[in-house]
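Residue numbering begins at 1 within each chain, and the chains themselves are lettered A, B, C and D in the order written.
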Amino acid sequence: MSQTPPSYLQEGQRLRDWLVTRDHKRIAILYAVAITGFFILGGIAAMLIRLELITPRGDLMSAQLYNKTFTFHGVVMVWFFLIPSIPNTLGNFLLPLMIGARDVAFPRLNLASWYIYMGGGVFTLVCLVAGGVDTGWTFYTPFSTMFSNTHVILVASGVFVVGFSSILTGINFIATIHTMRVRGMTWFRLPLFVWSMYGVSLVMVLATPVLAMTLALIMLERLAGVGIFDPALGGDPLLFQHLFWFYSHPAVYIMILPSMGVVSELITASARRRIFGYRFMVYSILGIAVLGFFVWGHHMFVSGQSMYASMLFSILSFIIAVPSAVKVFNWVATLHKGQIVFDAAMIYALGFVGLFMLGGLTGLFLAATALDVSLTDTYFVVAHFHYIMVGGAVMAYLGGIHFWWPKVTGRMYPEIWARIAAAMMFFGFNLTFFPQFLLGADGMPRRYHEYPDRFQLLNVLSSAGASILAVAYALPLCYLLWSLRHGAPAPDNPWEARGLEWQTRSPPPKHNFVEPPQVDRDSPYAYEDA
Amino acid sequence: MSNVAGHDQPQRHDDDGPPPSSLGGDLGVLAALFVLLAATIACAFIPMGVGNMIASLAIAVAKALLVMVFYMRLKRDAPLLRIVAATGFAFLIVLIVFTLADVITRIPLLTS
Amino acid sequence: MNSATARLAEQFDDVSQQREASTLGMWIFLATEVLFFGVLFAGYAYGHLLHGAAFAEAGRETDLVLGTIETSVLLTSSCLVALAVRAVQLGRQRGAAVLLLCTAALGTAFLVLHGFEYAHEYKEGLVPGLHWTQVGPSAPYKQLFYFLYFSITGFHSLHVSIGVVVLCVMAWRTMHGHFGPSWHTPLELSALYWHLVDLVWIFVFPLLYLLGRHG
Amino acid sequence: MTLPQASSEAARIDTLFYFMLALSTVVCVGVLIAIVWLGIKYRRGSPADRGGREQRDLGLEAAWTLIPLLLFIAIFVWSVKLWAELRTPPAQAQTIYVVARQWMWKVQHVNGQREINTLHVPLGRPIQLVMTSQDVIHSFYVPAFRVKQDVLPDRYTSLWFSPTRAGEYELFCAEYCGTEHSHMHGRVVVQTPAAYADWLQSHARQGMAAQGAALYRAMGCSGCHEDGASVRAPDLRGIAGRSVALADGSIQVADDGYLRDAILLPRKHIVAGYQPIMPSYQGRLDPEDVLALIAYLKQSGDAAADPEPRNP
């Protein structure tokens, strides 16, 4: 062993050293701080929504304010938290480590993408201060172009700008995975997390430009009063919906693919077991990433879309559920003959599997055209996508944060608190969102500021669950920050995991590895060979 | 081509890119582009119904291929780049085809 | 002067890997550009499908002569920038710099010509949202066409402007000996970008300028 | 679900819903049991046998790929058959017109009766709603009937249902449409045929077709579209529902949407053999007026060769 260089955290301590850093690990931290801020903002909006909905009457906020609140919640959570969450924090930190590279292919671009993200965030916050926007995160025309008199252009600019951050990250990751793998790291030796980053980058690169341009067209239509979505000129509001969902459906996979990658790492490490059906897991990541572009029309079954198109989108939506189902079965099969320990990471991972499964199964209801007619635009849909995005993506994100916390910070977190938080989160989440399935099946439309009295009981349950969930989310923030100073120093490989990131020090030095890491096993999950 | 990342490889001073093109080739491509430009303008003035659009697009695709294959050096550069280029266009076609598939089939369901 | 290893960024092992990553990254970026423009083309396809006759009528009113000159200018510039890359690969930096400046000049000429076109259309009242004086039964659909016309050509001109600036920077760097036969990746990437600008125009020209000419 | 099943399709949709609910429950419970069982048996340090650890089992993987796939295709077929019926109105369905705007539902019955945020329908009779919006996108949603359809500006969409239970049911706007979105609700009143007839009588006024006939003359339609007119324009007697040959060679059925476009966007479809000279009536007619004109055109077809509308 040569002399040990300082860790990436010790390199330069001034604020300026952080703000001009090109180290992928530091950029990951910058992202983590920023998205945590946005998560808190979006979470406050969510709490306001749940508070308002405790009573059937709109007694807390005006209708306009309520509409602005759920729009803000949607915009911030989708574009400023979920989309960048795992790729830009864990992905940025781990991708080069996992493939044995010194950094990503384009470190300056990586830093630029963070600044662009912050720029988009500034637009959105300015919009909030200026009075907000009330179109819903979906910006449906002609409401967003001709009828809303709120700050649509500001927030659309914010999302437009943040899209470039996504695109740059996607380009960076694909180029990195293709060209920067260490000797011996062949494609089928890549950890599934890396594969999921590859899939997610494909989606970011191919879908995001469409969203950006579509929002640009919305802005143009607001400015010029003319546009291709205006039916009076022979345009079509449904054209907007097509373009919007061409991005926004694959965007769901931007949120869930990385989670699948994280969970594969967590389960194998906690079960000390190779992943079951590695190749199939890889193919299903790629399959989901590509097929995800062919199903967007299932958001439009009652929109006035052609019935033939609806049938096509319906069958394709059923087909894309197959790889997701197989992934769930493979995760469970991985437990077979393992050495399972139920540490915090494992609780998060299994929580993910359960919630993702529920979200996926209810997705089948919505893929079935006949059921979608009555269920779409109700709380059933709200519950469904929160199971995927919050139950799925956020659980996996926090699970990943815990699992790699020792590597990132060089400190151990308090295990018992982590388990309590994970269990609380699972319970609080279900209490919040399961009643919403019942509400939706009972016919409560979404985005309602006031609602008929018969829905009150379930809404109160949901709000009660939300308060538990809020505490559960606040816990990790507290004990993880506490552990930065008071946590036990972490060994290089506390979980005895097999990925290359565990071959280096905790925290890693600036260029990740003192000596090039060795890829001497044919699987990233060779737990039994030890 | 993707496994070049060996730490123990000797440092090379050449970047492994495609060799320089030939002057005649580049000028020949330009000539071909101008011929196609003339052809597409000529075609536009012949009434062919829907054939006009097909001819226009076919010639445009031919011109685009010339530029990509020769000027952008897809022919001699790494095969992966061809896949990337094709993917961009393929997803654009998915966007357009699926969207139009809705627009042109907005008729009542033909039930037997 | 042209030591390739001096240009090697610290995250790469060798120049070959660096070039491979950079060109790959650039091509992925170009693919996203295709999808950026693709949204406008999808809008065009929609409009043309539903209002073919009005689109043809509107297409006839575009300036075919200027459009053809602009096309020729861009095609030629594409050839010049390819020759510039070739020249630098052969070690002729001066020639390459001149070729790059010529390319940038052609790009500027394109922008100027387009400016004339826009000015003319403004006078004719063909600018939706700013100055639209068309009346008649098909006027709304023609407005849709001209909305797309200005969105597509405007967005394209933005790309041309960026391209001109990039080409000038590359010419300056070539003059100062930053590139040589063994290392010229930035120049190559800029050339790729310029070709994309040309590529988009190859589709814009028939769709906007040649529409309805036989009617 | 505690929702009443108040339309002919509701029970069958619920059957599919409950089938999928049962299936999902089985899968969830199965996976949960597997996780718990494996978690206990193979907890770290347990004495369970861990020999023969193959990490690939093609048979198993193929099985749990193909079985879901086939199951999904079966559900798809079931759902699409049901949905096709849900979206194809029976021929004898009675038409009622709906115009949505921020933030109310305006209903027009064929006899001229109008109501706001309430829809009266007779029991046991298939009803087809032809709907349009004056501003943004809305969505007509009656949970008890399991029907929902977005309502678009400048376009007609339709849905149908056949009420099977008398009573009052909630009507919601399900597509977010602005500030008062959650107040854009109303009720659907399903009455016995006799009560419905009484209701229609008690609120009778000039029929939609008669309103349309008056507009037909007032707006000058008759000046071109009737015999002896100086301008040559297509004869509109019995036009509704007929196939029309267009100048571009295609054939269009003159349904509600076609007639609406012909009035508001006359250049969209040019009838073969005629000049595109008709001015657009966009902005000169309310959505309700257009619907009245369409009702008149439909009635003039029912009245066979008689072009003169008869006032009731």
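To be clear about the criterion, contacts are C-beta pairs under 8 Å (C-beta built on N, C-alpha and C of every residue); 3 or more make two chains touch, one makes a residue touch a chain.
Nothing here was measured: the structure is a model prediction, and the numbers come from that model.
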Chains joined by the largest number of C-beta pairs are A-D
Taking the mean of all protein CA atoms as the centre, name the chain whose own CA mean is closest to it.
A
When centres are defined as mean Cα positions, the distance from chain A to chain D in whole Å is 35
When centres are defined as mean Cα positions, the distance from chain B to chain D in whole Å is 43
Per the C-alpha centroid definition, the whole-Å distance linking chain B and chain C comes out as 15
Touching at least 2 other chains, the residues of chain C are 17, 20, 24, 28, 31-33, 35, 38-39, 42, 46, 50-51, 54, 140-141
Multi-partner residues of chain B (each touching 2 or more other chains):
4-7, 80, 87-88, 91, 95, 99, 103-104, 108-109
Multi-chain contact residues (two or more partners), chain A
101, 178-180, 206, 210, 232, 234, 236, 238-239, 243, 304, 307
Can you check the complex and tell me which residues of chain D touch chain A?
1-3, 13, 16-17, 20, 24, 27-28, 31-32, 34-35, 38-39, 42-45, 48-50, 53, 55-57, 60-61, 64-65, 68-69, 72-73, 75-76, 78-80, 82-84, 86-87, 102, 135-137, 139, 141, 143-144, 146-150, 152-155, 157, 170, 172-183, 265, 268, 282
Chain C residues touching chain D - in the complex, by the definition given at the top
50-54, 137-138, 140-141
Mind pulling up the chain D residues that touch chain C in the complex?
248, 265-268, 276-280
Spell out the residues on chain A that touch chain D in their complex, using ranges where they run on.
58, 63-64, 67, 134, 136, 138, 140, 142-143, 146-148, 231-232, 234, 237-238, 271-278, 280, 302-304, 307, 311, 314-315, 318-319, 321-322, 325-326, 328-330, 332-333, 335-342, 350, 353-354, 357-358, 361-362, 364-365, 367-371, 373-374, 376-378, 441-443, 445-452, 528
Which residues of chain C touch chain B in the complex?
3-5, 13-20, 23-24, 27-28, 30-35, 38-39, 41-42, 45-46, 48-50, 64, 68, 71-72, 75-76, 78-79, 81-83, 85-86, 89-90, 182-185, 188, 191-192, 195, 198-199, 202-203, 205-207, 210-211, 213-215
